[in-house]
Each structure stands twice: as C-alpha cells, then as structure tokens.
Amino acid sequence: MLVLKLTGRIFDEEDLVAKYAAIIRRIGGKVAVVTGGGEVARRYIAMARKGGASNTFQDLLGIYASRLNALLLISLIGDDAYPKAPSTVEEFLDAWRRHRVVVAGGFQPGQSTATVAALVAEAAGASVLLNAANIDAVYDDDPRRNPNARKIPTLTYDELERILKTSVVPGGYELVDPWSISILRRNCVTTYIFDGRRPEYVEEILRGGNPGSKITC
Amino acid sequence: MLVLKLTGRIFDEEDLVAKYAAIIRRIGGKVAVVTGGGEVARRYIAMARKGGASNTFQDLLGIYASRLNALLLISLIGDDAYPKAPSTVEEFLDAWRRHRVVVAGGFQPGQSTATVAALVAEAAGASVLLNAANIDAVYDDDPRRNPNARKIPTLTYDELERILKTSVVPGGYELVDPWSISILRRNCVTTYIFDGRRPEYVEEILRGGNPGSKITC
Amino acid sequence: MLVLKLTGRIFDEEDLVAKYAAIIRRIGGKVAVVTGGGEVARRYIAMARKGGASNTFQDLLGIYASRLNALLLISLIGDDAYPKAPSTVEEFLDAWRRHRVVVAGGFQPGQSTATVAALVAEAAGASVLLNAANIDAVYDDDPRRNPNARKIPTLTYDELERILKTSVVPGGYELVDPWSISILRRNCVTTYIFDGRRPEYVEEILRGGNPGSKITC
Amino acid sequence: MLVLKLTGRIFDEEDLVAKYAAIIRRIGGKVAVVTGGGEVARRYIAMARKGGASNTFQDLLGIYASRLNALLLISLIGDDAYPKAPSTVEEFLDAWRRHRVVVAGGFQPGQSTATVAALVAEAAGASVLLNAANIDAVYDDDPRRNPNARKIPTLTYDELERILKTSVVPGGYELVDPWSISILRRNCVTTYIFDGRRPEYVEEILRGGNPGSKITC
Amino acid sequence: MLVLKLTGRIFDEEDLVAKYAAIIRRIGGKVAVVTGGGEVARRYIAMARKGGASNTFQDLLGIYASRLNALLLISLIGDDAYPKAPSTVEEFLDAWRRHRVVVAGGFQPGQSTATVAALVAEAAGASVLLNAANIDAVYDDDPRRNPNARKIPTLTYDELERILKTSVVPGGYELVDPWSISILRRNCVTTYIFDGRRPEYVEEILRGGNPGSKITC
Amino acid sequence: MLVLKLTGRIFDEEDLVAKYAAIIRRIGGKVAVVTGGGEVARRYIAMARKGGASNTFQDLLGIYASRLNALLLISLIGDDAYPKAPSTVEEFLDAWRRHRVVVAGGFQPGQSTATVAALVAEAAGASVLLNAANIDAVYDDDPRRNPNARKIPTLTYDELERILKTSVVPGGYELVDPWSISILRRNCVTTYIFDGRRPEYVEEILRGGNPGSKITC
C-alpha cells in the first residue's frame, strides 16, 4: 500500500503527469494519491482575493483546482481508479475499500493538501507517505540563500518542527504544516520527501532508497 | 430575469471577470449564469487526450474547469449567489427557486456549455439569453478569412442553422450547436450574441440595444 | 462487454421484459442497459403538457418513467445488478466499475435515451451497442407508406444521417438522433438495430449475426 | 397549513390531477401533499412479483411510481413547489422549511403511502390531514356487499381500528393501516376521509364541512 | 449469510461490544447488523421531549444515537465493513452488494430498529434473523411479575402476535412490533430471540442450537 | 449575526441545553452554533481506542456524538433552524444562506470543534465568536494548581498562543488549538471565552460586557 502526495507543480508539466500515471498503473498494490492545486490554484485564488472574496471561497477555489488535477490523473490511470476525487475523508474511506487506486485533491476549506495527505494516510492505515515535493529534500537552512545549507537525509518529526520554526524552508507550508505533522506523528507514518520532478524516485524509494529526506516518528 | 452565458475566454482576463461580477451584483432581478471552460479546460483536455483518456473523462475535465470558473464568479458576487455550481438541471432548478443568482458550469459529458445555457433558460422559463461570446456577432461568412463577410444583426434560428452548416463560423460550436438551437427554438427564447470582452453590452441589451446579433424563433 | 438499449415499448409487454432479464442473467460478461420510457412516459408527458408544464418537467417525467422501467429490469436480474438507476454519467461510471450489470433510464432533461445509450457506451469503452428498437431495421424510406422501401443491412453513420434528413424514418428520433450519432461516431461504436420484440436476437448478434441493420463508423 | 393525501387512483384521470393542482395553486398557505402509486404501481409490482423479484424491489417500484405521480403534480403547480419528490422524512423537513408546497410519493420500502402521509403530518406539525381516498367515507361494513352498511361521519382512531379488525373495509389498508393510525393518534391529528374523485371537497372541508368521515384522537 | 439485531443495551457495556465485534470478524460469510439506540437514545429523547421537540425530532435523535452505536461496531470490525451506517434501505442494498459486513442503525422516523432489522433481512434475502435482545426468550407472561411465567422455546409469528396483545411482554415493542412481524412473516424469516448479554449464543445458534426462542412463519 | 461555540459539557446538563435553546430562539438575528461532543464522545472514543480502532474512526465517533448534540439543540429551536447538522463547510454555507439558525457539530476527522467554529465564523463572515467553554476565562497559569493564577480579561491571539505553549491551560486544546487560532486571526474575529455553565453571559456579551476573556487580533 502506497500513499503518494504530488505537489501541484507537477501538473504544470504534461510529461511529469504522464510519468506518474504510468508508475501508478505499473505498481501492483493499492495506491492513494493526493494532488496539490499548483499554478491554476494560485491564479484563481489571486483573482478571488483581489476581488474581495472570503477566505472560505479562496480555499474552495484551491480545492476545485486540486480536484481538476486529481481528475486528470484519474483519467490517465484507467479502470483501476475510483472515477472521481472524493470530497471528504468518509468518501475516501468508502472508495478506498472498493478500488485499487483513489486520487483525492483537497477536502475542506482551512486544510492544506499536506494535511489531506496525512488524513488519507491515517484513514488508509498506511505506514509510509511519499511526498513528491517542490523541493528535493529538507535542509537545515534555505539553500537558495545560504550556499552552505545542508541537506538532512533522515530526521524526526520533532526535528522537522524545530527547523520549520527557526528557518525559512523553501516549499515551506506547502510541504508540511504543523497540523499534518501532528497527524503523521500520532500514526507514526514515515514520510519520504523528494524532488517531484523525478518520478523515478517513487520506485527507488519502494526498493529501499532515500533520494531526499526520510522523516520518522 | 436574465440568463447569461459567459465564454470561458472571459476567465482568462481578471478584469473582465470582475466587471461581470459587478454587473450581476448591480442588476436587481434574478440572474442565471453559465460559464464555459476557457483556456484551463483546453489545456487539461489536451493533456488527457494525449495520454489516451476516454472522451468521457475529457468532457469531465472540461466540466470541472468550467465549474472552477463558475466558483470564481460566485466568490465575487457574494451572499446573493447559490454557493456552488449545480451539477444537474434538477440541482439548478432547486437552487434557482431559492437564490437570486445561480452560476453553473457544465452539467454532463456530451453536452456543450451552449447546451447547458439553453437547458438553464428552459428550466428558468426565461425568454431571453445573453451570450457573451468569443466573437462579436453572427456573420454570413468567416470574417477572419473573408474581408467582405457581413455581420447579421437579426436572424432566426432556422437561418442560424443554415449558416452553421454552410460556412465555417468562428467560435463555431462553442457559440451554439444544433442541440442548443433545438432547445432554444422549442422554448422560443431570444438569444443575443455579443462580444464577451465588452461587459457593458449586458446593460445595453437590457436597455433595448443590440450590439451584436439577435436571434429569434 | 455489452451495451443494450431497450425501447420503452418492451416494458408494455410483460413477457418481453422477463425474456430480456433472463438473457442478461445468462450472459457471462458485463452488461450496461439503457431503458426508454415507453407508454407510461408518453401518458405522463401528455398530461403535463396539457396542464401547461415546462419542457424541463416534461423531460423529467419521461426520465422518471424510464427509471421505473430500469428498476423493474433490475428487480428481475438480481444480485449482479447495481440496485438503482444511475442519474448521471458519473454515477454510471462509478457503478460500472463495481457491478456486472448496470441499468440506466434517462439521465438529464434535453437528452433522448438514445443519447444516454451513446454516452454509456462511451463511458464504458464499449465497441458495440445493441439497439432493441421499435422497428426491425433501418430502411431507405418509410416502410409503412412505401411498400417498396428497402431494408439496409449495413450502413455507416454518415449514411444514416443522410437518411434521417431526407425521409421520415419510423421510430425516428427515438431510435437515433443527431447527437447520439455524433457520440457513437467519435468513439467508433458499431450499432446493431433490431426488432425489440425479438429478444433472441441479442444472442444471435453475439454469435455474429445481423438480424436487422448494422451501423459502422 | 394543509396536509393532503391523494390516492393513486386520482392519477388515472387527467382531469382530477389538473383540478387538484388548481386547488393547491389557489390555496394561500402551506400545502404538503402525499401521492399514492395507483395503476402504474400495481402493474409494475405485479410484473416484478411474477418474475420473482424480492418484496424490497416490489415496494421500491411502488415508490418510484408514486414519485412519478408526485412529479406530475409538481409540474402542474409551478414555482411554489419544491421541484422534486423528497425521498426521506429529513429531505421533506428541509424542503418544507423553504417551499410553500412540497409533494412526496413514497419514502421507503415497508411503508404504505398512508404512513408517509402520517409521518409528513407529524413532521410538519399539522393538526389536520385530508385523505382524498378511493372510498367516500368509513363504513361499519363493506358497502359493496352489505347494502345496509352505514356511513360513519365521525369516529375516533380507536373505533377505526376496531372496524378495520372486524370487517373488510373497502380501500382497506391503502386508506389507513395500523402504523399510520398510531402515528396520527400520537400527534392527535384529525383526519378527513372523502371521495378522491371530488376535488371540490378539499375546499368544503377547509370551510368547516365534512363530506365523508372525520376521525379524531 | 447472517442478519443480527443488537439491542441498544449491549452498547452500554464495553466488553459486550468488543465480543460481538470479534464474533463478526471471525464468521466467514456475509453479516448484516442492526443496532438499537440504548441508553444514549433514551437520554436524548427524554431531553427533547421535555423541551417540547416534535415526535419527528425525537425519533431522529434515537436514529442518530443508534448510528453512533453502529459506527462504534464498524470501527471495531475493520476493513470488511462498509465504513458508515446506511440511512435508507436503498443505501443498505447498495452497500450489501459490495461489502461482507454492513452495520445499520435506524433508518427513518416512525420505524423501530426491530422494523429496520426486518427490512434489512428482507432486502438481503435472509432466511434467519438473530435478535440479541434485552430479554432471554419469549414468555407466556411477564416473568418479572409472574414467577410461573413459562419460556416458549418455539412459536409462530401468529402466536407471538397473540402473546403481545394479551400480556405485558418485557422488552415488548423494542423486541418486535406488529410491523416488523408482518415483514418477517411475509418473507418467512425465522427469528431467534436470545439474551443479548450472551454473545456466545450467536455461534451456538449457527451450530443449530436454540438458547432462547425460535419463531417461525 | 452571532457565532456561538458550545462545549460538549453543556449537553451533560439538560437545563443548560434548554436555556441556550431559549436564548437562540429569543435573539433576533442570524445565529450559527457549533457543538462539541462532550461525555458521549469521550466514552465512545475510549471504547473504540481500547478495541484498536483507527484514529480516523475515533474522530468520526466524536463527530457523530457532536452531531447528536447539534440535533438535540435543533429540535429545541424549532422552525427557524436548518433541520440537520451540516457535515461540510459547503453544506454549512448553503444552509446559512437560507436559514436564520444553523447548528453544526464536527465536520471532518482531524479537526477539533474549535476549528469548526473558526471555519464557520470565516464562512459566515462573522466578526465575533462567543465560546461557551469548560473554563470561565483564559488564565496566565493553571488555576487548579496555582492559586495565584491570574485571569486575563483581554489579550491578543499572539499572547494566547504564547500562553498555550508555556503553561498547561485547563480546557486546553478543546478550547482553542493552533489551527483555530490561525483561522480566527486571518479573519480578525474577536473571540469571547466565558463559562459555558452561565448561558446568561451570551446576552451580557451582546450588550457589551466581557464576563470572561476577550481575544482580539
């Protein structure tokens, strides 16, 4: 069983989407996927905010955009996938008991897709979460500003939380937020963070590798 | 009562969306809006087709994209609007009896948003449909190729059908398709087609003007 | 995999319904069925029209009647069938991935059940549609008026479209309409039209026969 | 506020349906209507039973048929009515708080529409139920067999229950069943039973008349 | 296939719930369970009644409480169970065709959970219903008042109905009511009534025993 | 417009529930209420945890229990209230536009009801949240252990966050959690925390008083 979080950025590049779809088709077991909103989400949220829309609607627009990404992936996976993006944990649970692959976007306003991925891992009873991120690993400082920033291959959720508080992490809250960390920690799920532009890392991790960072409870 | 069809192109320009939202807020009576999918729809459908997705899923992606546009508009209109895009005629009917403004995207695979607009006009019992299009009027030939193409200010659905069959109309089926024509004709709805980049035309038409083409049964 | 369209007329004869149910139970593979509204639909639509009901509600009455027919068939098939008539393409898709048999009536106002059958064939990825019709084949003229009308055993959708335009085809739009033709053609589905009063033709066609007309893309 | 139960027989006569629709449109206050299944229900249930369908599906067919009747009435009433037949007490409650008129058919297998009418009266907090029946009043014996059977203008639920147990009442359980009686009694709803072929009796009862039987707690 | 009715009392004792969950996990075949509302239901209904709430809402509170019991049992059974309590017979039917175990609480206002169990047995096509009751068997008189009351090991529904009418049966209508009896009788379901505090009796009955009373049609 | 959060403890005391219902009936404007799960939630979650149920199901049990509390309150308020507890922000939004009073319990696993209250305040566009808590105010230390702990009448969300981090606050996370704080702060909602056993404080706060603590952005 595999839980895979795909940053919305992946959906800005056609080839990447196709490659992830191929990997999911190829993998034998159950796969739960959570997709971010990406560029489409950012653009619609910006338009809504400028026009004075409430935070609730801004979040809903991000959710709709992430579901568009989810549906694209579903359309490329075929008959093994639940044919729509579930909109609640309960719908996910029901779909998950009946389909090999379930692809969700966002669930509800006020939740990041990082949190949705954590909730999905919890509901599925998964022990591992693969986070195909918009950064290649966790660093001890911002690598874009500090050339000496060090990649951290393995760390605990406690250590991650400390780093998030003291330094500006690129990817930041899109990657993980305090709420998703608390859910992953209470279920003792191991998270692998890796560069989302490298779909081949999914299978490398499944074979025991760690191309980015590994976070344990 | 007003039924307004907005081509998806409008949602590629932030200012246009804001202007249409302002007009809908300003108008006193009931307003039903149907939004097209625009650039986002086209991009996702292209990715799905290239990856071998079925026509059903390609249509669903276009529908999801059009609902994203619908939700953006809803978020800018405020409390008068039904807070989501209805997904069937029945849900539209129910929402329409309770809210001043209802904004729909696509309904079901195999239907253009032109057809959705016709079904919405039929369900609402509207006598007029305003089609904010990606063309400024109906022509007797393709104005992009034939510099002598003539704008037709008033015509009947029968005449429109004949033109659609014999010449390549820019905007073509996005504008109107045989199915939407047959629904509009059976309800004798008058359609105004006008340049979607000119939101002010909505109020001009409401005051009795005809800045593009007027189609009658 | 089999997609079967049953004209509503079949549901006016108890024995026919029972025979189709028996065939569907007997067939090994997956079967999607679409049922027309028949006499009940016609009677309720007539009452609604006479009382001034909108076209939307007239269509909805036809849809409810077709779902009554769908449910009757479901009740005779037993545990292999999805226990209700799906009301949208999305619900069909979801049910189809989980059940051997799914029986739909109409989906939405403004769509014939011929179109629903085409959408179902598209969503299921079917290559063949069996249309148990209220006529025994396609003719080059109306056989009820012209004794020399000739039965056409094989034709293309283009040829069918031409015939529909130039002659009064008995069964007419209940059989196929332009919209259903365009969906079947874009998916290159082969349609067999045969006399709905002869259920045994289903198995004859499955064995390679063609008791009525065969339409190809 | 008025709760009106219409026997399915009414829907076998076009004129009666139109007259009831006109009365409901005319009445100023809130109206909840419950429709029986009538001839269509009987025919479909008979076909299902003969084919070996379960009692659950036989009941569901009766429910679908009663909803077809409900939708016909809705289509004739217009914008004041909730546009669909609610399928549960909860949906009725929600619709009832938002619409002047709500028309329900059956709710769930194992319940008569007499019981649905009692549940609807309870949920609406009604003190009176008008039962447009397939008999003109309650009798002390079967008037079709016993020429001396006496019409009973006023009685209590206890007396009604005794009559139902000791004599064959025409209309019998379609009219009232023990379960509907227990619900009406616990809410102390007054029931008027009258000949459903006489729509004018509705207004007569509203003016204080009692053209059939009046049952009190 | 097994249909099991659990009195709400069982949910007042943690150990009993765990034992029933273990038995359901252990049993190989399909299991449909219906749970009563128990102490929580009684307390909330009492508060609502005292505050003047309608019977409809009192019943709904009992239903919500019974669904809480259903969900607790579901949470202890694991992946074999449909992850929520169905709220209608139709939802039960759909879930039942896809899951080994389905656990329902109440369905609709105006129905006891005894009736829900009968409807579930009917929908599932079960021939046996195991009623884990708040009494250990059917007696010919109230054993709490009459020390000579005799346990009746086997009886028919007709006999049960007569006993219910002439004596105060402990457990009374929670156990069986006239409506549930009529549904069980029309499907000729055999009911075993036994002491709900003895979960081991489930397997004893499955092996052919009869620790309480057996009711046949 | 008023958003009122009621700690689940209130539902352990019949009189308190009745008093809050009376206040909500009396207040003229719109009222959104969010109810906690209380003793019932705690008991069911404990049983589930002991039996090895997942965190997802433990959370769902808490949500079901909080909805039972919500329904009890709804049943006591009457026709002004949406007749069920919405299960998502979107359902809340829709109900809120149509009803004077909407009462929600929990929404989704992984969210406290404190967070639900914050999301509801955001969706409703409220500027004030009244938190009827299981503590009478915010203190600078735990008043149960430190007799010198000082009540803080007014503070900012930043100050509240600091206190939550450095001292054991009674009521703690049930009262407010980091996620609910971040939502309230981004919308600049003022929160009043007061002793939930004193319903009269609602009206005192509406008249400008501050019987507990007032938190501003």
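Lettered A, B, C, D, E and F in written order, each chain numbered from 1.
The working rule: contacts are C-beta pairs under 8 Å (C-beta built on N, C-alpha and C of every residue); 3 or more make two chains touch, one makes a residue touch a chain.
These figures come from a predicted structure and were not determined experimentally.
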Graph distance between chain B and chain E, where chains that touch are linked: 2
Pair from A-F, A-E or D-F with over half of its contact pairs in common with B-C: A-F
Shared interface numbering between chain F and chain A [over half = same, under half = different]: same
Distance between chain centroids, defined by C-alpha means - chain C, chain D (Å): 35
Averaged-CA centre spacing for the pair chain D and chain B, given as whole angstrom: 44
Computed distance of Cα centres, chain E from chain D, in Å: 30
Residues within chain E bordering two or more other chains: 54, 60, 90, 93, 98
Pairs of chains in contact (touch as defined earlier), listed by label: A-B, A-C, A-E, A-F, B-C, B-D, B-F, C-D, C-E, D-E, D-F, E-F
Footprint of chain E on chain A - complex, ascending: 90, 93-94, 97-98
Residue numbers on chain B that touch chain A, as the complex places them: 14, 17-18, 21, 40, 44, 47-48, 50-54, 57-58, 60-61, 64-65, 67-68, 71-72, 74-76
Chain C-facing residues of chain A, complex: 79, 82-84, 98-99
Touching residues on chain E, where the partner in the complex is chain D: 54-56, 60, 87-90, 93, 107-111, 115, 118-119, 122-123, 125, 178-179, 183, 186-187
